[in-house]
Each structure stands twice: as C-alpha cells, then as structure tokens.
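Each of the next two complexes has chain A plus one more chain, namely chain B in the first and chain C in the second.
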Partner chain A sequence: MAMFRQAARVAWKDLRIELRSREIVYTMVFFGALLVVIYSFAFPHEPRAVRGSVPGMLWVALAFTGTIGLGRAFDRERENDTMRALLLAPVPRLAVFLGKAMSTTALVLAVAVVCTPLLALFLDAPLFAYPGPMILIVVLGAIGISVTGSVFAATLLKVRSRDVLLPVILYPLLVPLFVAGTSCTAALVAEIPNFDAAWYWIHFLGIYDAAFLVLSIWVFESLVIE
Partner chain B sequence: MAALDRVQISKVGKRYGSERALASVTLELTARSMCAVLGHNGAGKSTLLGIVSTLVRPTGGSVAYHAKGHAVTGADVRREIGMLAHASLCYADLTARENLALIAGLYDIDGSPAVIDGLLDQVGLDRRARDRAARTYSRGMVQRLALARALLTRPSLLLLDEPFTGLDRDGALSLGAQLGALRDAGAIVVVVTHDLEAIADRTDHVAILRRGQLVFEERGTYTYDQLKDVYHRHAN
Partner chain C sequence: MKLYNTRAVRLLRLVIRSVTKAPQVTIPLFLVLAAIGIAASVYVVFYVAPLEYSYNEAGKLNGSSLFFNQKIFFFHVAHAFWLFGAVFMAGVSSILFLTDRDPVWDDIASAATDVAVAFGAVVLLTGSIWGKAAWDVWWQWEPRLTMSLLLWLVLVGYVLVRRFAGPSADRVAAGMAIFGMVGVPFIYKMVGNDSHPAAGTDGVVATLGPGMRVPFWLSVAGFLFWYLALVIIRVQSTIAEREVRELRERGLDLGVLQ
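Let's turn to the complex of A and B:
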C-alpha cells in the first residue's frame, strides 16, 4: 500500500505541475485536434469508408500525442535533474515508475476525451455506439502507451537525441497495442458490430498491458541508474 | 533506521564507454568528519559523489554503508543521504514550500509548515519568496532551497557538489559553518568544491583526485593556506 501511496504522490506532483502550467496537455490536445481536422479534410466522409478508417485515425492520434506527452513529462524531470531526487528518495523505485506512468496515462486519456468526440463529430463516425467497450479499450490503450513509454522515456532522459529515439524505439513495441486497439475499434464501429472480436482484442490488450507492466517493473531500475 | 557512521569505498572505478572517469578509488568516510574532495574539472569528483549517492553504478569496486557495525543497503541507505548537486533537484514550477512538502512526503517525515518554515529560516530563504514558483528565484535563492531540500531529511551522509556556487561571501561562510555544525552533530559530510576558503579550518579530511585517481588523502584540520598548498601540489 505504501508503494501505491508514493506512486500516487509522484503522479499528483506531475498533475499539479501540469494543472498549473497546462503546457503538455494543451500541446497534446491541440495536436490531437489538429490531426482530427486534417483527417476530416484528407479522408472521404462516405459512411463505409469512415467505418474502415476511423479506428486507425483514433489510434494514430493517441500514439502521436502520447509520444509528445511522454517526451515532455520526462523532459520536466531533466530540467533541474529532479529525476535524481526521485530516485534518491527511499521509496521503491517502482513507485517512481508507476507514478510517472499514472500521470502520463491521465494526459493520454485527456487527449482521448477530446479527440474521440471530435472524430465522431467531424467524420460522423459511430464511435459512441457502444461506449462501454470503447472506453475500456481506450483506457487500456492509454495505460499500455504510458507504461511502455515511461520506461524508454526515463531511459533516454540523458540521451541528446531522445526526441528522435523515443518514437523510433517505442512504436515497434506498440505495434501489438495498435493492432488490438484498431481491431477492437473496427469491430465496434462496423455496420454489424462483432462483439466477440471486440472482447478478444480487449482481453489481448489487457494481457499486453500486464506483460509490459511486469517487464517494465523488472527493468526500470537497472535502466535509469547510470 | 540508525544513522550511517561509516562508508567504505573500495577500489571503485567508473568508465563511460572508453572514457575512464574513476580508477580504483579507495576511501573511508566516517561519522563526525567533513571530507573535502578536491581536484580540477573532470578529475572524477562528481562521479565519485554520484556513486556514493547510489545514483551511479560503478564499473568496478564497491561502496559499503555501515550503521552501528551493521551493513545497510537499498532504501535504508537512500533515506540517510542528503544531496546537494550541480542542479537544484527541485521542481521549478513548485514553490519552495511545495518542493519541501513533496520531499517530506516521499521520505515519510514531518513536512508540517512549521518544520518547513523553520528550515527555510535556517538556510535564509526570504519569507516573501516561499510561495513563489522556484522558477522565479535567483541562483543564490535556488541554492538555499536546494540546501533546505538536502537538510530536510536530517541526513547522516551529506553529499555536496559545489555547495557554495551562487552564494554571496556571507552565505558561503554561513553554509560552511552549518556544515561544520552538522559534522559536529555526527554526520558524514562530503564536500566537492573549488572554494577552499569556505571549507578551510572546517574540513578534517582531504582527498584529491587527478584524472580519476586518488592522488592524496590525509586526515587533519587545514588552514586556507595549507589547503591551497596541498591542492596545488597534488591536483596539478
């Protein structure tokens, strides 16, 4: 319990700073909204085409904005070497990792809260036809992006070309997450929804998140200590 | 957890790729002592401090921490370490009070306003600045906040990397006196500095590094002139 309390403390610290500056969330939401606007001009609005392309649009938006959020959230820890202060504290280093992942998840979800309705509105996409599984897959996706991304963002903290390296390293690892996210969304927005497929991909994403959470917990400490 | 009373650095080395930062440094740090680690830029002083702080992994050798004859490891060691580094280790978007309250929470210690204000009084941070974001502070104020952060946890091993940077002469001398008081109270104080005047007559253990190697180590009190003399003889 103490570890989760400390993780929550780290996450709350991030969110408190973000609520004050709103620097990351504004950048992420603006970029996400911009992507949706570009999609609405670039892709056909014919219902059948929209059902085929909107899952990809949503998950590309989440992936791109998530990477921006991850990069900036960890850049903040670089500013006064505050990551050192966190790692020096007598809390399990796992709590530091979980706290950073929790705050990043909140930022990715904030983007999803804006982008999903915008996509539904601009492209007349039936993204809210089945809100329960839709919310579930987006939350699992946000957790997956944040957990996997936090490990690499922390590892690359002292690397000069981290902005370029983060997506290059991260996206290949996120491929299963994108496949699951887009497939589940496609199953939900199809003319005849396929709930069996949707639940399969939700389970798949749950297992993906759990696997990467365990892996991240295992490697985090050894990767962040110089 | 008992306070650390001995840190044994044994044959510690560190390489960054092909670059050697430290080579087989052996040093014993004991309670009620203030060790001045001296040397030119790039001599390996900060790396040594990083290794002792547990934040840098040595490529060779080991560091053992002891309290009352027992070995101490992991989070129990980190709890006893106070660090003042080149960077402030404080969040620029939080106020001084918020920064210290966060640290108090992470260390599970009393972070009440009275304790925090008492400490900020001790380091001389202006009362009017305490509820302003640290981003708006001058270099000297940031240094005072960083010192308060390092002292808040009542560390028994205090690691200071250029602690006098940004402080005016009075501030530097006052900090020197505070470090002396901490040493007298039983702490192990390690100071990496180029400001020999601020530590003269207070340090009782001098270690000089040159190109990653420990070239001089002696216990004893040094006047400013004596410090200057040993520094110029061994660091160059």
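Let's turn to the complex of A and C:
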C-alpha cells in the first residue's frame, strides 16, 4: 500500500508541475486537435466512410500525441537533471516507474478527452453512441501506451536521437494495442454495433496491458540505471 | 533473483563459452554441415521429392494443387523455423544479459537479431511468392504473415537502436527484445482466421507425403547449421571489434598511437 502512495506522490509531482506550466498538456492537446482538423480534410465525409475511418483517426491521434507527451515528460527530468534525484529518492524504483506511468496516462487521457468529441463534432461520427465500452477501451489504451512508453522513454533519456528512436521502438511493440483499440472502436461505431467483438477486444487489451505492466515492472529496474 | 546462478544457466554459459572460444573449429564445422545439408536438400527437393498435386473424388485435378510452386515451401518453412529460433534466442539472451550483465549474452542477442533480420526477409519474400501461387495474392493479413511482418519490424527497430542509440544501446535493445518476444502471442491472437496450411499433429508437417519429409527435415537441419555458423561469426566479429577498440584506447593512453 505504501508503494501506491509513493507512486501517487511521484505522479502528483509531475501533474503539479504540469498544472503550473501547462506546457505538455497544451501542446499535446493542440497537436491532437490539429491532427483531427487535418483528418477532416484528408478523408471523405460520407457517413459510411466516416464509420470506417474514424477509429483509425482516433487511435493514430492517440499514438502520435502519446509519443510526444512521453518524450516531453522525460525530457523535463533530463533538462533539469532531476532524473538522478528522482531515482535517488528513498522510494522503490517501482514507485517511480508507476508514478511516471500514471502521470503519462493522465496526459494521454487529456488528449483523448479533447480529440474524441472533436472527431464526433467535425465528422459527425457516432463515437458516443455507447459511452461505456468506448471510455473503457480508451482508458485501457492510454494505460498501455504509457506503461510501455515510460519504460523506453526512461531508458532513452541519455540517448541523442531519442525523439526518433522512441516511436521506432514503441510502435512495433504497440501494434496489438492499436489493433485492439481500432477494432473495438470500429465494432462500436458500426451501423449494426457488434458488442461481442467490442468486449472481446476490451478483454484482449486488458490482458495485454496486464502482461506488459508486469513485464515493465520486472525490467524497469534493470533497464534504468544511472 | 539469482537467475544467473542456476545450474541450467551455468551449463548454458559453459556450452556457449566452449563454442565461442574455439571459433576456428566450430565455424568451419558448422559451415561444412550447412553446405552438406543445404546441397543435399536442394538435390532431394528438386530431383527426388514428388510434385504436389491431388485428385478429387471425380478423378479431376484439385484446383489447389501447386505442382512445382510447392518446392518453395521447404526453404520458406526452414527459414521461418530459425527466424523464431533466433527471436527466442535473442529474447532469452537479453533476459540473461539484464540479470547477469555478462556482455557475451548481449553479443549473442545482437548477433541472433542480425541474422534474424536476414532470415525474416527471406521468410517474407518466399512467403509472398507462395501466397501468389496458392491464394493468388501477394500479401494477405493472416496471423502468421502478420506475426512475421511485425516481428521483423521489431527486429529492424532493434538493429536501428543498436546502431544509433550510442552507449546505452545494449540496455535499450535488450528491453526491446524482451518486449518483442512477449508480444508475439498477442500478435498471433490478434488477427482473424488462419489461411496458412495448419500446424500441429494433423497439420502440414505431420501430413507431408512420405517423399516430402526427408527433404523438409534436411532443409531444416541445413539451415540450422547455416544459422548457427552466422551467429557465431557475428559474435566473433563483435568480440574482435571490442578488442580492437580497447587496444586502440590503450595505445592512445600509452601514447603509442596518435
């Protein structure tokens, strides 16, 4: 229990910095909104075509903004040279990792909260027809991106070309997550919604998140050494 | 966790040390075995193994008969076997590298990945040719194809990280190999139905015609030795590179080199 309190404290530290500067959240959300606008020009608007393409738009926006947010969240520690201080803090490394993953999840969710209504508004997509499963899959997706992303963003901290390498590493590993996310969203926005498929993908993503969370907890300590 | 002190790991390390300590013996040995195996399998595949075709109940030729096109199967599957062998090897070596910190594990993981990229390219190319013959499309999003492609992308990413991530590349790459290995079953589960010839007890390998088993296993064995020889050569060259670098640094320190 103490571990979760410490993790929450690390996450709260990140979020408090963020609430004061609002640097990452503003840029991420604005970037996500720009993506949505570009999508609305780049893809056809007929209702049928929108039902087919809107899941991809949502999840590509989450993937792009997620990597930007991850890169910035860890760059901040590097610029102020506080990563060492964070690792030296008298809490287990695990708490540091979980805290970082939690604060990144919050940032990705902030983007989702803006992008999803925008997509629904601009493209007239029925994204909110079934809010329950929709929220569930987006939350699970945000957790998955942030957990795996935090491990690699932290290990790439000292690497010169980290901005390019983070997506190079992350996207192949996260493909199952994006497939689950888009398939579930597609099942929910289809003309005849397929709830069996939607729940299958929610379960799939839940198991995926759990497996990668356990793996991340296991490797974080050996990967991130200063 | 004292993973690196278990008896199995000590034994594994002993085997690897003895294999890599005597490269002048193991590399030629494996290369000769590979040459014999591959040459023999080429001969048996093209001159001995029967053509693949079958008749339906009406006595007409089945539309799914592949005839000569089926020959590529022997090389495709042999490469696919050792592609997955290499990924497993890279993943396990990376786990051992993170627990043990012995650079030899990292060298093995990196060598296995380099070879796996080449084998993966062969698998994708031959698979695409097979797909055109059997399913009349060059590419189909079905589980094993998708899995091979995504695995190959992880491997290419791994090679890029090794090349460009600088001093901490070994740790980043080890993490990537482990995550990639764990991701494989998810990728497999994720894509709909399987149009590959089935695997398992009633699958294609077990139901191969009597004339096709020998060339199949010959080819698998030949490419196994080819794969092992390549990995050992790669490990040797990495070790040599490191020694040259260290010698150069020592020479610079002593003022012998400029």
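The rule is simple: the second predicted complex is superposed on the first by the 225 of 226 C-alpha atoms of A that agree within 3 Å, B and C clash if a C-alpha of one lies under 4 Å from a C-alpha of the other, contacts with A are read in each partner's own complex, and residues count from 1 in each chain.
In this text, a contact is a pair of C-beta atoms (placed from the backbone, for glycine too) under 8 Å apart; a residue touches a chain by one contact, two chains touch by 3 or more.
Values in this document were obtained by computation on a predicted structure and should not be read as measured data.
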| item | value |
| --- | --- |
| First (chain B), second (chain C), both or neither touched by A:P172 | second |
| Touched partner set for A:F152, first chain B, second chain C, both or neither | second |
| Chain B versus chain C as contact partner of A:W59, first or second or both or neither | neither |
| Touched partner set for A:F97, first chain B, second chain C, both or neither | neither |
| Chain B versus chain C as contact partner of A:Y39, first or second or both or neither | neither |
| Contacts of A:F74 with chain B and chain C, given as first, second, both or neither | neither |
| Intersection of the chain A residues that touch chain B with those that touch chain C | 225 |
| Contact footprint of chain C on chain A as seen in their complex | 148, 151-152, 155-156, 158-161, 164-165, 168-169, 172-173, 175-176, 179-180, 204, 208, 211-212, 215, 219, 222-223, 225 |
| Chain B partner contacts - residues on chain A that touch it in the complex | 2, 6, 9-10, 13, 16-17, 20-21, 76, 79-82, 84-92, 225-226 |
| Residues on chain C engaged by chain A in the complex (per definition of touch) | 98-99, 150, 153-154, 157, 160-161, 164-169, 171-172, 174-176, 178-180, 182-183, 186-187, 189-191 |
| Chain A-facing residues of chain B, complex | 50, 53-57, 75-76, 78-79, 81, 83, 85-94, 98, 102-103, 105-108, 133, 149 |
